[in-house]
Amino acid sequence: MKNSEGMSKIVKTAASTIFVFTLIYGLYVIAHGHLTPGGGFQGGAVVASGLVMLIVVFGSSWTMKKIKEENLSILESFGAIGFIGLGFLGLLFTGIFFKNFIVGHNMFFGMIPDFGSTIANINTGGVLPLMNFAVGLKVIAGLFAIVLVMAHATSSYSKEAGKK
Amino acid sequence: MNFLPVPPEYIPVLIVAIPLFGAFLTPIISRINGKVRNIFAISILGITGFLVFWLSTEIFTNNMIYTYVFGGDSNVIGSGNSAYAIRILFEVDSFGIFMAIIAIIVAFIGTLYSYSYMKKETGLDKYYTLILLMTAGMMGMLLTGDLFNFFVFLEITGISSAALVAFWIDKKYAVEAGFKYIIISAIGALFVLLAIALLYGQYNALNMSVLANTITNFNLIDQIILILLFSALAMKAGIVPMHMWLPDAYGRAPASISIMLVGATLSSLYAVFRVIFTLYGKVFLSVSIQTLEFVTTANILGGFIVLLAVLTMLVGVIMALKQNNLKRLIAFAALAEIGYMILGLGIRLAAKSVIYDTEGTAISILNPAYTQAALTGSIFHILNDALDVGLLFLVAGAIYYATKETSLDRMGGLARNMKYTTIFFLIGLFAMSGMPPLNGFASKIIIYESAYQLSPLVSIIAILSSIMLLACFVKVFHSAFLGPKQPHLKNVKEVPKTMLVAMGLIAILIIIIGLFPNLVIENAVKPTVDAILNNTAYISAIIGGA
Amino acid sequence: MKMSKRNVLGIVAFSILTVFLVFSMLMLHFGNIHPFGNPQENDMDSYIISNAQEETGANNAVTSVVFDYRGFDTLGEATILFTAVAGVVLLFRRLKK
Amino acid sequence: MISFGIPYLAVVGLILIGLFALVFKKNLIKMVIGITIIESGVNLFLITLGYREGSIAPIYTSSPGGIMSLPVPQALTLTSIVIGVAVLALMLSLVIHIYRHYGTLNVNKIAEGEK
Amino acid sequence: MFDLEFFRINTGSGYWDPILWIFAFIIILVIVYVIRNLGKKDFKKSGEKSKVFLSGNPEYDKEQMHIKGSNLYWGFTESMKWLYDILNRFHTGNVSDYVLWFVVVMAALFIVMTISGGI
């Protein structure tokens, strides 16, 4: 990662180390959305903040060269399609849009926890964890795309203004 | 689930879900190429329009209400006054589907028009994505039966329209108009959300039918909620004196977006009607003697609304008369048209009266017959206004496409080069200014007569503003189309086929509605008015009994 | 702040608005339905609290509301984020082809 | 002990502060901040509606038991927060474009002069 | 309220019938055409009769004869100047004024609701 812009080498190394933990924590929040506080939006916001830290450290135009915002919007479309597709699957199987059609069967995520105060069981929640993943993907891509586009546009504009 | 024909109880969700799915799919489709993307967006809107028309025939013929519950089959626990709804549900009655027809017509025409109109622009994949999202937002606003869900769709419509108003980012007025529009829509949506939160705090419910069943004693919190909802939605609907965003947004957006903004504005107007007549129906519609003390409230509120309507008409036409920017002139004229619709609402409220017997004790509450005529006229005028204003905006866009001119001073003699556009403009002129035999007259004559029975002055002002509308567009016709060819417009050509087709579709609709107005009134408008005035059916469709 | 006509109008309107909003909030607080801290037992929330586990299989009642009971709102919310991204990318697009 | 519902009054205060910033401040950024202040006030109102004294979060995972706070207002608040983020992003990008065109953020200087 | 006759809208005190209107329009057109044919047959568009006469001044070329849009209704806008001044003072394209009008309308509605005895 040799690029002139951005911050110093120490900051880059530290940031790329911290980013891993941010990513892991965000994915944890997304994956346990139906058991603990949090969910797709919150975890997605955590991961997106880590990516924004990378933008701040490595410079927006370098990041723009690595990741085009078209790819990000494609990724976000996949997240959104997954989310609405789960609703359409409910319509397909049970005739009800956004029906929680997995819960009750003991297939993946389909178990029903015993009532009252229980210990966490990841294998519950029906479509809720899947929706959490879809929304998490969507929020990561969306927030990252917003910050990346705005940062790139403003920085390039200020460069042009500096030239003039 | 077998595909088309789908069972009609699935249609309400498909009407919203298909444009959303298309919008999510558009960035992937647009990787193929531009033409496929345009065809895709137009076909998605065509499918949605087909579903809307089908559902409307189902609803209008046997005057029924479709409900659809999301995420579960148990829609409402309990019944009667102890009922409560835990899930979001759509509730589609004649009023909602009538407005949905208008919204899908303007959306489809706008998309078809922008096929050629937007050919030279960049960023078109996002443009079509936002158009589909805006259509889905309008549909959701019109079909939903849950207040918070209504707020969400209101925000979808506002954000997508604001981004589309500022489409031409190299023009500074367009960016400024987009900023104004998003500020206005954010404020309006936030106050709507505040009112919804107050309703939740007061009645522990978010469902419109449950709330409408509960709001019977018109206490202070109810009044404050009504005022918050009414003023926020009236600002979104562009009623004087909260109208100033409307000429900026309409006049600076691309023409294909201006016609869709008409649909968004009318959706907010639908919300005003819905709040007053359904959510507060037990207060403002009831003819029972128990609600006697609300009559004066209804009268004074109705008088205030009539005042706002008269102001809207006058300010619209007087400002339109001196504009030199074509689209801004049409925008002010559209503002004047909105006044006619509000007038019916105000007349319905203001004409409520109490009948006393000889001892001076109240017998019953009377809603005169002409108030229903006024409401019929205004509902019919919503359809006509959408078509007329849309046609005029498309003509203005065609002139801009051909000449790259917006100011009337630099136009002239266009009728020599653009024959079809001139014909469409004449049709829109006569329809907009209420000239017989086109559709504008058919709805305005009903409004004039019912307004005359309320107070002759209001009727006179309505007729006067209609005459001044004619004057405005005669000015446009003379300065843009008549006269000798201007030297800098020597080689102006007619606009492409698809734009002409889009304009011709609206023109044909206008002529048909103008020649057979009774067809529309008997089949579509009267069920709509019955649905508006009969909120017990709306309530009992959800919670039963009542 | 200079007392122009606009400022006088604005301050009068703000004071009226303040009075009525404070009055509504006090009515909400001293009414018996939703006083701050101990709201009345209401059917919708108690139904969700008691039935969320068996109906949606999720321990987190808020998530079960967000994604199951009011899942369509969440779809609209995700759509709004999608709309915002589309709008921002549209506004910062390149104008030349 | 009688409480005057201080959070409810704080909601009114936040909404009025935001409206005041919108009406009387000249800087576009300050107006955007005003809108976010109104929005945070509404969110505070929603979340206070769901609060119960001595209640726990409505999560059953190894919960200590006891009354739970209302889940629906929390879900509504979550939705409206994300909506606010989206509106804020679009408003700020429009402000950036306005600054590029006009070179200023004073709302009086950029007022469209056309009557 | 409405007559069930196909074309006709009964508007309470009268009715509106587009087809009838079109018939009347055609009849009037025929009458106008007949009256027009009663005119002189031996009129020829030639010579000084069809020249433009601007009180003796030379005729301008066609582009300058076109009246621009801003010059139309000049008399009306001049005589209504007081009204336009008032309206232009309201239409400052200023966003904070828009929000101010929203607040003002809300306050006015509060006052209206108060005096209407509801509170």
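Going in written order, the chains are labelled A, B, C, D and E, and every chain counts its residues from 1.
FYI, a residue touches a chain if its C-beta (ideal position, glycine included) is under 8 Å from a C-beta of that chain, and two chains touch if they have at least 3 such contacts.
Everything numeric in this text was worked out from a predicted model, so none of it was measured.
**Student:** If every chain is reduced to the average of its C-alpha atoms, which one ends up farthest from chain E?
**Tutor:** Centroid comparison gives A as the farthest chain from chain E.
**Student:** Which chains are joined by the largest number of contacting C-beta pairs?
**Tutor:** Looking across every pairing, the one with the most contacts is B-E.
**Student:** Just how far, in Å, is the C-alpha centre of chain D from the one of chain B?
**Tutor:** It comes to 28 Å between the two C-alpha centres.
**Student:** Distance between chain B and chain C based on Cα centroids, please, to the nearest Å.
**Tutor:** About 25 Å separates the centre of chain B from that of chain C.
**Student:** Averaged over CA atoms, how far is the centre of chain C from the centre of chain E? Could you give it in whole Å?
**Tutor:** So the centre of chain C lies 45 Å away from the centre of chain E.
**Student:** Using CA atom averages as chain centres, what separation in Å is found between chain C and chain D?
**Tutor:** Here the centre of chain D sits 9 Å away from the centre of chain C.
**Student:** Two-or-more-chain contact residues of chain A, please, as numbers and ranges.
**Tutor:** 35-37, 73, 76-77, 80, 84, 87, 97-98, 100, 113, 115, 118, 120, 143, 146, 150, 153
**Student:** Which positions in chain C are in touch with at least two other chains?
**Tutor:** 10, 14, 17, 20-21, 28, 34, 42, 44-45, 48, 53, 55, 59-60, 62, 64, 66, 68-77, 79-84, 86-89, 91-92
**Student:** Counting only residues that touch at least 2 other chains, which ones in chain B make the list?
**Tutor:** 20, 24, 70-72, 148, 152, 155, 159, 162-163, 166, 169, 176, 179, 183, 187, 201, 220, 224, 248, 319, 322
**Student:** Following the definition at the start, I'd like every touching pair of chains, please.
**Tutor:** A-B, A-C, A-D, B-C, B-D, B-E, C-D, C-E, D-E
**Student:** Can you check the complex and tell me which residues of chain E touch chain C?
**Tutor:** Residue list for chain E touching chain C: 97, 100, 103-104, 106-107, 110-111.
**Student:** Of all residues in chain C, which touch chain B in the complex?
**Tutor:** For this pair, the touching residues of chain C are 20-21, 23-24, 27-28, 31, 33-34, 40, 42-45, 47-48, 55, 68-73, 75-77, 79-80, 82-84, 86-87, 89-91, 93-97.
**Student:** Give the list of chain E residues in touch with chain B in this complex.
**Tutor:** 1-2, 4-9, 11-14, 16, 18-19, 21-22, 62-63, 65-70, 72-73, 76-77, 80, 83-84, 87, 90-91, 93, 95, 97-99, 101-102, 104-106, 108-110, 112-113, 115-119
**Student:** Spell out the part of chain E that touches chain D in their complex, as residue ranges.
**Tutor:** Checking each residue of chain E against chain D gives 87-88, 91-96, 99-100, 103.
**Student:** Residues of chain C touching chain D in their complex?
**Tutor:** Counting only chain C, the residues touching chain D are 1, 7, 10, 14, 17-18, 21-22, 25-26, 28-30, 34-39, 42, 44-45, 48-49, 52-53, 59-62, 64-66, 69-70, 73-74, 76-77, 80-81, 83-84, 87-88, 91-92.
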